[in-house]
């Protein structure tokens, strides 16, 4: 069971699925999923197990080893993100499988959709285990390109506009990143992230390189003010696609920023950490206020992503000030719980949109009974977004606020708490709809009949949303294993001796 | 049997889960599965009571029940059963059972019952979780969970008015939750995990006094919202738009008591009475409680809607508990804890009766009670017993708690408490006696004006038996207060064991 | 100032110019072109970095990176152009609408 | 292409220009900085060149040292092909020159050029292991041949979203992935070529990439010309 190859297999499984999906057969999607989802889960389990057993490890691709070759680099963080990927993408796959919108496509088009779906999956898996700066660029482009095309599967011209905007801005980000990598290579002669950290000497080239890398990745992470591409893209894509884009692809940008700023760039000063924190705080407020203003459910959820990503960036100033372990645990627990919650919220929103043909908030209340399970999933996910128990989001915020208190930076605590209250407002705007008594649904002992004009919602799509919501809530209780995993290979903060937690 | 008792931490866990799992199942039942849903409801409720009694028995035999779930990063979820926890668990579980019977009858034929009973079960899960919480983090988790689980019940009717009340409810309770959260995290950030152990967490603290006071008021402020203390009581009267069983169990017992119970934990288990008794903390809290007692009573007089009047009465009565807690003497603490149970029994009776009146004769206003004593003698008798208890007339249980509170005031040198209690009792009488008078001693209106709704026989019984049981219990708790199984005796035991250990041979 | 310096400066200049074009030009095809020039700038920098590195020959690793980058650029361009075409045939537009943020067209 | 008027006023344009100048200044500052140079990887590449299956250092990096990058890059190309298929629709036929526009020159070119181009492409593919060139370049030349044929209307290949087309698009990546996994099973390392027959493996993979590149690039050009899209 202990084998560094698991990391390679975790990448290969979705890629094999992406290839197999190209066969436009009637049962291809089901068959591929029946193999790929368990396979990916198994491989992820192997990765996690191995990292538990032997700690941080590398898998030298081609047997060369860094710096000449490319290494897969797996620590607790990478393993945790892989696990998140397998769970979220796995459950979202179930949703896509039953999604009437997807089923309505011609079979050939469906098979292309599925292939792209697994491409995003594979690209993210490759990104999470990559230890090489340029390899990360390739995975970034893979994920962006596949994601862009998936967005274009959404309805109408808005999806096309959103898709192109996402492509242009995403490519700008990737090229900014690669320019930074070029300068870094010029300064250090290596692309391996760990070696890079050892050889990095602050100077003009390195500072500008760090800025380019950071801007490039911040675009991918939708850090304010580089977030403008996100709401239209996530708001107009098919539900499953929005779910993995918001839950995973955006997090990938944050993941890489953590890799860099708590890795090779850590010596470049705390000023950047504070700046990232401030932008994150602005994102929390800006995203939340916009989410409150939205009239369409999917856009509300999309803006909520902008806000939630903002929280994550508080990790940098908190870690820099010494609230390292708490902030690290809190921020990454927030990644895990927000990703599951956000995927659930998008899937729930998608169910409503597909069934009713609109996701305007004013319309949803007309059929609250019909949507009750989707709204329940949304409500459960909402608990995490608000940071209320019982949910992983609550525990994560507890940890992050503790870090802020311990380091005497009460203003970050204020951001976390105010953000939570703003989230309560926009979550409330949706959840209350679940309780509206509607004239369209006359009450009866047997439950109201489905109002005319509404399509039935497949049970599988509801179960996928509920499943993800339950995971995000469950993370509030089963948080010990992921937190222990995240500690493996946790980077040390500058000047701070790390005390492993009990 | 011993094997069952020696299950360690799993017994408190199963107490919490017994209602949680039934609640989850109920969510997925179809509306028309009445029998299945009722069986699940009652089964879960009976199981919870049985487990609670088992837990009590085990504790009495000297078993220790602590369940620790590590959450990582040094945080733990702890459930444990100390005598205080047991008291609240048994109160919640017992009244949940009674209310479940009532609610099944009350909601017969109405829509969205699976949703209702699902959330209803979750609420009780949260309140038993609050009771059994072994540290501050666990308490906060269940406390906030209770907020979220109650909201759907408040807005159950889905009318504009209900949604508005739900909004008010959320604004107050989430605001309170925020204060509690800040206080709890701040405290934990300073001293590490706050465990409700034998020694108060802050017993030997060297934190600056200002910080201690600030944290005290943050947490107490958060708790005061649910305990409906002035000036953060506003949500409770508006929340009366909820169905009667919700008002009965949650707004008389589970939710509001969670706040009061939390205050007791804060004063006795976190700060310790030696520290919390300071004028800036306990002293001020006692004043605030007194103000609430008087204010709630005054507002109750002004309300003629029965449920609203009962709600303001709750506002007032709850602060007895806060008052007893804050005074900081053994007798006052006994009074507070006894009142925790007594008030629950009496107030739930009143709400049951009010709900039955509304269901059968569509009576919502005090003036409409005329002649009800003759039309519904049993219901009105239960109502009368509970109301007299609220006023504090012996031999109903309310007298006992007021008596101990008064003694506690004298014992701690706060003689003014006596004045507050007397004033409050007069005011209680002023708003409870008129409806009693109207009901028993005025002539009923002509038949034509009052249409008795015809309900199925079992529904009638389901609405009638619960208030009779709770009223009897309130009476018995007062009559037999000297017996070792009475709520008073239990309160004395808690206080003697944990908070004011008696030197010498002890209890 | 040697040859490599000139190349690297030229690469940076292309990057900056393309950045300007991406922001200032509204025609979608121009934006796609801007992205290509942006990539060209990066590749030029990579080539210069390869030249600068002390060693017996020009460093082959950045060369390989450029080749990879070109393939990626081709792919991105293909998808971008076809999106532009689809947008034009669906809406008749060749630029982004001013207020496409919040609602369906 | 007609340029749409820029949306921002003169003030906005000035701010934008200033910002871009600022960015350029920063980039130039970095460009002229020569940090204490670590040697690049050139000497390590040369040292280990004999252990690879390629004689050309760039090819060695592309297909051996950093084959993993190339592997994923072939994936990028495949994704783009999938994207074009999904965005265009099912069937297409390129608009060829109308027969009336053909001149004798066309005839000659069409007879002479395609075979030459194919040979050139194949040579580039083969030469790639030791000299500049390689699968992508070869694929590009082959694609150009296809496009030329299509434009001239002679033997224009009918491009449709068929299994055969999909196979051609995917073969490069599929071959690479198969090899990668086979080596993982046999050698215990992803993309760890066996010591024996390394060159053969590399050439085989390159042939696949070349085919897919040709198919993909041709697709990029030919498929979007679909009449349905024009309409």
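Per-chain residue numbering starts at 1, and chain names A, B, C and D are given in the order in which the chains are listed.
As a working rule, a residue touches a chain if its C-beta (ideal position, glycine included) is under 8 Å from a C-beta of that chain, and two chains touch if they have at least 3 such contacts.
What you see is a predicted model, and the numbers here were worked out from it, not measured in a lab.
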Chain nearest the overall Cα centroid: A
Whole-Å gap between the CA centroids of chain B and chain C: 67
Averaged-CA centre spacing for the pair chain D and chain B, given as whole angstrom: 72
Inter-chain centre distance, chain C versus chain D - centres from mean C-alpha coordinates, in Å: 16
Inter-chain centre distance, chain A versus chain D - centres from mean C-alpha coordinates, in Å: 30
Per-residue multi-chain contacts in chain A, two or more chains: 134, 138, 141, 145, 148-149, 152, 179, 183, 185-186, 189
For chain C, residues contacting two or more additional chains: 15, 19, 45, 49, 52-53, 61-62, 65, 68, 72, 75-76, 79, 83, 86
Residues of chain D whose C-beta touches two or more other chains: 27, 30-32, 34, 37, 39-41, 45, 65-66, 69, 73, 76, 79-80, 83, 87
Touch relationships between chains, expressed as pairs: A-B, A-C, A-D, C-D
In the complex, chain D residues that touch chain C: 1-8, 13, 16-17, 20-21, 23-24, 27-28, 30-32, 34, 37, 39-43, 45-46, 57-58, 60-62, 65-66, 69-70, 73-74, 76-77, 79-80, 83-84, 87-88, 134, 136, 217, 220, 224, 229
Residue numbers on chain A that touch chain B, as the complex places them: 325-326, 329-330, 333, 368-369, 372, 376, 383, 388-390, 394-395, 398-399, 401-402, 405-406, 413, 417, 420-421, 424, 428, 431-432, 434-438, 443-448, 476-477, 479-484, 501-502
Chain C-touching residues of chain A, taken from the complex the two chains share: 134, 138, 141, 145, 148-149, 152, 155-158, 160-165, 167-168, 171-172, 175, 178-179, 182-183, 185-186, 189, 191, 228, 231-232, 236, 294, 296, 299
Touch list for chain B against partner chain A, complex: 27, 30-32, 69-75, 77, 109-112, 115, 137, 140-142, 144-145, 147-148, 151-152, 155-159, 162-163, 166-167, 170, 174, 177-178, 181-182, 185-186, 188-190
Parts of chain A lying in touch with chain D, wherever the complex brings them together: 5, 8-9, 11-12, 15-16, 19, 22-24, 59-64, 67-70, 72, 106, 108-109, 112-113, 115-116, 119, 122-123, 126, 134-135, 138-139, 141-142, 145-146, 148-149, 152-153, 179, 183, 185-190, 199, 201, 203-209, 211
